[in-house]
Amino acid sequence: MLKPLGDRVILQAQEEETTVGGIVLASNAQEKPQTAKVVAVGDGRVLDNGEKVAPSVKEGETVLLDKYSGTEVKYEGASYLVVHEKDLVAIVD
Amino acid sequence: MLKPLGDRVILQAQEEETTVGGIVLASNAQEKPQTAKVVAVGDGRVLDNGEKVAPSVKEGETVLLDKYSGTEVKYEGASYLVVHEKDLVAIVD
Amino acid sequence: MLKPLGDRVILQAQEEETTVGGIVLASNAQEKPQTAKVVAVGDGRVLDNGEKVAPSVKEGETVLLDKYSGTEVKYEGASYLVVHEKDLVAIVD
Amino acid sequence: MLKPLGDRVILQAQEEETTVGGIVLASNAQEKPQTAKVVAVGDGRVLDNGEKVAPSVKEGETVLLDKYSGTEVKYEGASYLVVHEKDLVAIVD
Amino acid sequence: MLKPLGDRVILQAQEEETTVGGIVLASNAQEKPQTAKVVAVGDGRVLDNGEKVAPSVKEGETVLLDKYSGTEVKYEGASYLVVHEKDLVAIVD
Amino acid sequence: MLKPLGDRVILQAQEEETTVGGIVLASNAQEKPQTAKVVAVGDGRVLDNGEKVAPSVKEGETVLLDKYSGTEVKYEGASYLVVHEKDLVAIVD
Amino acid sequence: MLKPLGDRVILQAQEEETTVGGIVLASNAQEKPQTAKVVAVGDGRVLDNGEKVAPSVKEGETVLLDKYSGTEVKYEGASYLVVHEKDLVAIVD
């Protein structure tokens, strides 16, 4: 298991399938999906007064992220995206 | 639904129509509209003392924004602009 | 109406006319006027301790500004200059 | 009158004349004078705790300034130099 | 012994062996392992209020790190990687 | 007299003479002396909490300074070096 | 004597000799030693709240330092390396 440090959030890209008339189409490469699922969340960043601020997202939530943020890491064959919480744009309900 | 994180604000470009003698003219491409409608507002940024500062704009308000700020995101077919609150210039009453 | 956000100030360029022997001369293009009239003032910036600091200029005042500061915005046909308060050099009494 | 904003100080270049055997010589262009007279002083900068720190120089004092600091502004025909207080090097007694 | 200073963490690269049908394969050079073992941990960084924040990792833990972070140091023939705590991505349980 | 502002220190280059067998040699131009004498000291910098921190050097002390720091100023024919206190490396006892 | 200012530490490069079969070999130029001996330590840096934080190293200790940090200074014929405490990587026990 990966336990992210600080204000980091570990994400897993979501397979985005589009169904047209029952035919499942893979997502268009040019229109890279911007959503991902939160797999693990760090304890948060430490403020200058020593307080820790817990991230605003929770495991299992789907988030929208900026196209160019994050670092890809590989762990046990799977590939994940690690981002700092501030690079998450929105929660998708 | 998109719930913006931190001090982010989600905007939707406003269709700007100009009517001249009853004829509706599309807005001039060279003079890109600088106003947009606030669609969703984050909880605000966290100060160094741990306090959260709510953004100064509200859902439904029309805002004036800097020409080059923000990131375009696509969600359910529609396209939105996500900006940090500090990149909003003014509220248009 | 435009309500500037944060520590922003909205300015309107002043027509600077020079009269020589009764003849009104337009201001010299090379010697661009550096003064403008304050049209609207934001609520001010938020300090790290959560306090809000109101800008030091008021609507109606004439200010001297740095030559290269500010962003031009268009609103209802008129053109304004939006600057952060820190880019205003002096109040002209 | 110009009332500088923030930690700004308005200076007026001093005519530096050198007398050699009774003949007044203009200051050498290559050895640009680095002193100026304080014409007006702002209220000072606001600290992160909300306190205002008054500048350490007063109207009428002569100051030594860094060769490349400041911005020239024109006001009522005269030309002034506006600098942030931190760019003043020393007071000349 | 090396006692890291500040928020530094000393790591030792882990030998990553892959066994395929009983044959031990060296890790692929192109897929550089991103995990390392924590060998020593500093006392942590000092906050602006004078408090010291102990790092979140402990000696003996395995951590995931960003591909390009850290500085290699040599000590008594062995080679170590020294990173600032903020460059550690996650703890691997 | 020059009264330095803020955390500035005014230095005067020291003539460094080397005596070899009674013969006084001028210091080697390639090995520029790195020591100077403190001529005047400012009141110090203002911390974010409003406190003023007096510089750690005193008039008359000899200091070691970084080769490339400081700005040369001319005053009454003499030439001085003005540095910020943080650019002084050590006091030479 | 040199008394370092602020959070500076003065180091002296250690002669690193390698003995192979009784023959003392000079250290390899390509593998520049990364350890040095602490010769003098400053009083430490001043925090934003006015507190002074004493450096974590003491005179006489051997430290490991980053390859490219520090500035060389010459004093009384000997050459020293002056580094800010934050550029020291570890204490070598």
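Note that the chains are named A, B, C, D, E, F and G in the order they appear, and that numbering of residues resets to 1 at the start of each chain.
The rule is simple: a contact is a pair of C-beta atoms (placed from the backbone, for glycine too) under 8 Å apart; a residue touches a chain by one contact, two chains touch by 3 or more.
Per UniProt, the chains are A, B, C, D, E, F, G = Co-chaperonin GroES.
Note that this is a predicted model, so its numbers are computed, not measured.
Note on connectivity: the fewest chain-to-chain touch steps from subunit D (Co-chaperonin GroES) to subunit F (Co-chaperonin GroES) number 1. If each chain is reduced to the centroid of its CA atoms, subunit A (Co-chaperonin GroES) and subunit E (Co-chaperonin GroES) end up 24 Å from each other. Here the spacing of subunit A (Co-chaperonin GroES) and subunit G (Co-chaperonin GroES), counted between their Cα centres, is 43 Å.
Between subunit B (Co-chaperonin GroES) and subunit G (Co-chaperonin GroES), the centres computed from C-alpha atoms are 53 Å apart. Within subunit A (Co-chaperonin GroES), residues 48-49 each touch two or more of the remaining chains. Read round the ring from subunit E (Co-chaperonin GroES), going to subunit G (Co-chaperonin GroES) first, the chain order is E, G, F, D, C, B, A.
Contact residues on subunit B (Co-chaperonin GroES) toward subunit A (Co-chaperonin GroES) in their complex (touch as defined above): 1-6, 8, 10, 40, 42-43, 46, 48-50, 71, 73-75, 82. The touching residues of subunit A (Co-chaperonin GroES), when paired with subunit B (Co-chaperonin GroES) in their complex, are 31, 34, 47-49, 51, 53, 56-57, 63-64, 66-67, 85-86, 88-93.
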